[in-house]
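As structure tokens, here come the structures.
Consider the two complexes below, in which chain A is the common component and chain B and chain C are the respective partners.
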Partner chain A sequence: MTSTRKCWEGLAAAVAVAVIALTGLSGAEAASPAERLPDNQQNLTFVPNFGVPSLDSAMVPLEMGTNQIMSNVLQALVTLDKKSIPQPQLATSWKWTTPTSLQFKLREGVTFSDGQPFTSADVVGSFDRFIAKKATLSAALSIITSYTADDPTTFTINTSAPTGTLLGVLSLVKIGQGTHSTDDVWWGKPIGTGPFVITSYVANDHVKLTRNDTYWGEKAKLKTLTFSLITDTNAKITALANGQAHVLGDVIYDQFPTVKAMENVTLTPADALTYYFLWFNNAKSPLTDPKVRRAMWMALDLPTIVQSLYGETASPMDSFCPSSAFGCVTAADMPSYDPKGAKALLAEAGYPNGLTADILLNTSNAGMDTLVSAFVSQWKAVGITVKPRAQDPTTWLADFSAHNWDMVVNPNATITGDADYTLNRLYNCAANRLGYCNPKLDALFTKAQQSSDPSERTALYQQAVNIMAQDAPGIPMFQTKSNVAALKSVQDLSIPPTEFIDWSTVYLTK
Partner chain B sequence: MLGYVVRRLLLAIFVLWGVATVVFIIVRMVPADPALLIAGQTATPEQVASLRQQMGLDRPLTAQYVQYLGQAVTGDFGNSYTHNVPAVYLIGQVLPNTALLAVLACTLAIVVSIPLGVLAALQVNRIGDRLVTTVSLIIQALPGFWIGVVMLLVFSRSLKWLPSAGLVGAQSLILPTIVLALPFIAILTRLTRSGLIEVNGEGYINTARAKGLGELTVVFPHAIRNALIPIVTVIGLQFGTLLGGAVVTETVFSFPGIGKLLVSSIQLRDYNVLQASVLVIAATFVIVNLLVDLLYAYIDPRVRLSK
Partner chain C sequence: MSADQAVITIAPSHARRLRATVSARILVPLVVIGILGIGAIVVPVLYNYDPLHADLLVRLKPPGTAMPDGSIAIFGTDKVGSDLFAEMMAGTRVSLIVGASTLLIAGIVGGILGLLAGYFGGWLDTALMRIADIQLAFPSILLAILLVSVLGQGILNVIIVLSISNWVIFARVIRSQVLGLKSLEYVEAARTLGASHFHIIFRTLLPGCIAPMLVIASVEFGYVVLAEAALSFLGVGAPFGTPSLGSTISTGTQYLASAWWISTIPGLLLLVLVLATGVLGDALRDRFDPRLRSA
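The block that comes next holds the complex of A and B.
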């Protein structure tokens, strides 16, 4: 009995020591002056805000998570600058030799990270793959009728019609080694011409890149760059707090106070190309009537709702695509909050006692249920009863694609940085994405797509969004900022609207 | 003994076939189309149909089932729809991590719970016993994800002692191991305690005490030997469960294990990875249980004699 009592006494003492140790320690560390860390300590961990289903850019060319990583490994003929204007990357120049032939002069002296020289054959092989995969970019690439390697440094694309928007699309066509165009395994972990090389990849866990020491441009300052695919919000913030991660790709508004309270962290909201839309099913009565659609829009106090739910991380939109993209100009006479006007318009449309509808939302979009709840209560105030239908992402996609909804809310991104990508792709008659069709609009979209003159294109988009504001096929609810949190030791971090960060310029200090 | 082993093996194969069939049916009953998921919102119906054909999803279910069973027998489950690499490759990347976590959690549970159970049994209805049983009950009642989040907040965020996510070294194993081991410790402690209390009144234990043996000698090995039989069974079952992936713990700690892979394959409707993961988990569970059954039969001959 004595021995067991001693055991308990010993256990109690150990617990007491542990408690003293736990409470006596302080987590805060004193900041030291900014001094660049030596090369062997230039190892940065980034927690992206998007999942990475695959590293094969041809399979998932529009996946934000894949592009965030692969834009540092594989390069395209052109890249978008902060104003979403195409700039040279693997092509140094380009010109329309005929209205339907675009010729690129390729950069000389470029090699892949394994030393193999980059030529136009690699461009041809990569285009072969992107087109053959029939993935999410295929609709945008369908305008291409043929492409040729004229010589090792010249590449020509022929299109079925003049296409001023093609360069933005081509910024998403990543160039790998042409000889591997049909090799799925190779594209799952490809070798590129970019500033970094993939060294390890464990699906759903991490992707580790190391500096490409044979890079044709200025060498990356980081020695390694790890994309840590942490999904749990709490674990992400904790990883930043304890220094396991240096940068978080996006911080949700709820976590702002926590992150702002961290002494060694800066939170930078940057313009992005992401926005949230609400679509009406324009083919389904009573939403076939533009008066009903406008009334539903006018019933919502969007500025107040967006401000209270998203604060500084989002802003209401004045057009049908985010203002950070080219051609997304302010629409004239967008409906604004006017509940009395909404009621009157509903009565005028033949619904003096209101109407009922459903709204489809995707459970993977955090906070969307709260937003929809706010909408539902404001619609209720004007006599419209709306039933939310929250679904998991895959079920949502099936119903969304089958047009099995009265209204739907979802985020989207104008990933090419051009109004054409959102307006023409989503709202033309042939797309039939929301049962909306306006031939006048189609004519404007086609003209804007074919024009290579930026001012002409802007004027055409102005006319287009003015028509859309009258038709109200959907509600562009708000555009978001990319809220990147980084340790103060991270230097020269710049967030472009595409959110495809160029990590080659970033470095770490003490 | 040989007959018993053969019987158990045949039953194990039947169970695996059952699991394979149920998984095949269930994943195809779940709404949503993997081809549509990969093709995305922008795809035309023609593009989705073409992709469905490439993925072999346009074929009759019976043809898909036969192919799937053939693949399962050869260990080739086809490529992941999204990652475009063999499903078994993806599983091979994460299964060792889960196995390591399971071994560590099991070891920790055994090392902590058996001494605690013995201590409690030796102090029946006294303060030590009440403390052990109360704490065990509390731990068993607490949800694993809650314990995980609290430990993250204390040891990762506040104290900054341990990493919060991923597998970035041996220290990444500490928190998930403890979180996985805690409920196991609670079960084993209570089981050891009750087992020992039960055998404590047996004649051979009284004889041992009458001979003048010390209390510890009476417990080790006399009493503990018989008390161990149900404990071995529970350890085996629990180890099989841990090897199958601790989905919640792996998610909370973003731990790259088979549980996390399984969740992701469900979200992406990646049939090949999903089917392969479930079969691997089921096979692991069946094999561990088979081993436990064989061990049990070895320890207690009455088991193998019963039909």
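The block that comes next holds the complex of A and C.
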């Protein structure tokens, strides 16, 4: 009896100890995630997947590499969130006071990293520079007729017509100090209001940033942030493996097995705004005929090609811009793989024995040669002979701009996160980028640009992409994910679709 | 007496042994180059190799994989699913064509200039040899990269570029050979009999230069093949759509961890090809120009 009771007591005690031990253990585990490194060791190195031609945002406003760095140094009136919706940054609020005038209320108490307070004069100075430089953003900014600083915290933009796309564009207009608007040297290494400050820049080697200790918002957790400009794929992986780099901007699919085999690395695919297109020269016979263009599209088994070459890192597109951007809705009746149908359509268009064409590609785009080989093989199967012309970037650009091609393949990004940026900029008649013109489409684009009602805009873009799927001016081939590889010691890293990572929240643990 | 006999019996056997090793050193590389040459002509035809053909479903397969058409990819497949063996042989074909054409052009141009410089001497000799000095002082692969960047990609341009960077060697060697031959009795005799310059240069001096020319050609062959591969590796040699060992090795470097065979096997083939021509050149030199023999 006693022994039985003792036995039970013993068992109960053992269970209690075990429960305490287990809860204690799990509690301890939850309470102490990997320990944060001391401040003097918060030094992170990132290898971006884009080149950095210059740090002057006004000269190269659309360069991905420049934006990736400068979005941590300079800020804009608005910034795009994960769904590409404009959110307050240096402006706290905005409203359309008339259909063509947009008024911003600026954030108060903001200072540049040198201590100088931020005012509307700085916004005016920066706009002066972005508009005067007539760089790649000039077409998008041409709708602005005037802008004024009404008082130190109010800034107003007047446009020539109503527009619903301006805010996305303004997320690329970075604000520097107004007094330096014509100073190229200053803008080459500018002082901003962002969480980091540039300390050194060696072209084609690295850009080093340090924490802005006077930042108006929550201060960055990293002490220094280095953008190491490594281009060779193997060198990037090696840098990650030996701890020289903490984060790689993009890992190509064929390197996945290598990276996944590294125990201390996580690989995160994130939705991006980058996509790859193939354009037909719509002004050059026989590609002037939409039947021929559709046939060439139908000859390609894009889902299989994309799956084999890019696996889960890319997906075929169902519209003419990446689905992560606003307004890029699924087009109805997009051509799909049908080699027999392609042959029949070619015969109908008057080419029963096939045709010959060339395709231009840029050797600096890694993997394009493989993609083009796959296309050439599939076109050959329906009797179309295509000769690839691989060219270095300079020659490529000259031939591309001169329309000296039958077909061309290239990557592109919808970096304002809005369909207008890609569709209206590339496919309207005036742009004449690929000899394509459809006045009906132009009318839809203009209407969609001027509307500020999202549902109306979506409906207009739906009509537009449906027309484009019939006309087939080009083939939207696939949209890619950015595959960021990071050491497990890197915490709170989040990758927005623009790929402009906000490094201020990131920190390192042991 | 016995000592004399020993000398008489040992000397011929030593000479025989030497001849035998020289023959083996000529024969083995010749067989290797011959096999590669035949392979380069036959294999791409047998495999119906098309450099632009892609079969993505069988890309990056290891050596020995059975292909959907029933064949075996003995060296595996590359990044677009091409049979690596056929691709390598097509690349070897390009290497051999570039090597042979370059040596032909560089040999003819360099040979003629060397003959003229050596025979006439004077300002022509000084001018040509100073140009040669300047060019020799400049690293030849850098010169080739510079020229090919100006001329653009393409096999013909690679041949032109490598010929430009190789004529100097021929010119220098032939010139020194001519300087030696010029004072020999049979050349003096021809001159005394009133033979024209043309006759002296091409009928009396040239035949004496053939052996050293062959020796240099075989030594330089390996260098030219390697230079073409280097240019293609750097992306300035064979254009997209033209197979080349250099570009195959270059694309394979991306896959060293996951598909080692794409770089490694063509790399070994290039090694064998260059080594074979090097050994052959060495042996030919020993055979035809024993004065140059080392050790």
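What we mean here is this: the second predicted complex is superposed on the first by the 477 of 510 C-alpha atoms of A that agree within 3 Å, B and C clash if a C-alpha of one lies under 4 Å from a C-alpha of the other, contacts with A are read in each partner's own complex, and residues count from 1 in each chain.
Assume contacts are C-beta pairs under 8 Å (C-beta built on N, C-alpha and C of every residue); 3 or more make two chains touch, one makes a residue touch a chain.
In this text the structure is predicted, and so the values were computed from the model without any measurement.
Q: Putting chain B and chain C onto chain A via the overlay, clash or fit?
A: Chain B/chain C on chain A - fit side by side.
Q: For chain A, which side has the bigger count of touched residues, chain B or chain C?
A: B
Q: Please indicate which partner A:Ser401 is in contact with in the superposed arrangement: first for chain B, second for chain C, both, or neither.
A: A:Ser401: touches chain B, not chain C.
Q: Let me test your reading of the model: by the given contact rule, A:Val251 touches which partner, first (chain B), second (chain C), both or neither?
A: neither
Q: Which holds for A:Asp184: it touches chain B only (first), chain C only (second), both, or neither?
A: A:Asp184 contacts chain B only, not chain C.
Q: Of the partners chain B and chain C, which touch A:Thr370 in the superposed model: first, second, both, neither?
A: So A:Thr370 only meets chain C here.
Q: Is A:Thr304 touching anything from chain B or chain C once the two structures are fitted on A? First, second, both or neither.
A: Once the two structures are laid over each other on A, A:Thr304 reaches chain C alone.
Q: Look at A:Asn234 in the shared chain and tell me whether it touches chain B only, chain C only, both, or neither; answer first, second, both or neither.
A: In the superposed model, A:Asn234 contacts both chain B and chain C.
Q: Which partner chains sit in contact with A:Pro388 here, chain B, chain C, both or neither? Use first/second/both/neither.
A: Touch status of A:Pro388: second partner only.
Q: Looking at the superposed set of three chains, what is the minimum CA distance between chain B and chain C in Å?
A: 6 Å.
Q: Take the contacts of chain A with chain B and those with chain C, and give the residues found in both.
A: Looking at chain A, the two contact sets intersect at 234, 237.
Q: Going by the contact rule set out above, which residues of chain A touch chain B in the complex?
A: Within the complex, chain A touches chain B at residues 3-4, 7-8, 22, 25, 27, 53-54, 56, 59-60, 62, 134-136, 138-139, 184-185, 187-188, 202-206, 228-232, 234-239, 241-244, 392-395, 397-398, 400-401, 425.
Q: Taking the touch rule as given, give the residues of chain B at its contact with chain A in the complex, in rising order.
A: 30-33, 36-44, 47-48, 50-51, 79-80, 82-85, 90, 93-94, 119, 122-123, 127-128, 149, 152-154, 156-160, 162-168, 216, 251-254, 256, 260-261, 264, 267-269
Q: Which part of chain A faces chain C closely enough to touch in the complex?
A: 233-234, 237, 252, 254-255, 257-258, 304-305, 308-309, 361, 363, 369-370, 372-374, 376-377, 380, 387-388, 390
Q: Can you name the residues of chain C that touch chain A in the complex?
A: Those residues of chain C that touch chain A are 52-57, 59-60, 79-80, 235, 239-241, 253-258.
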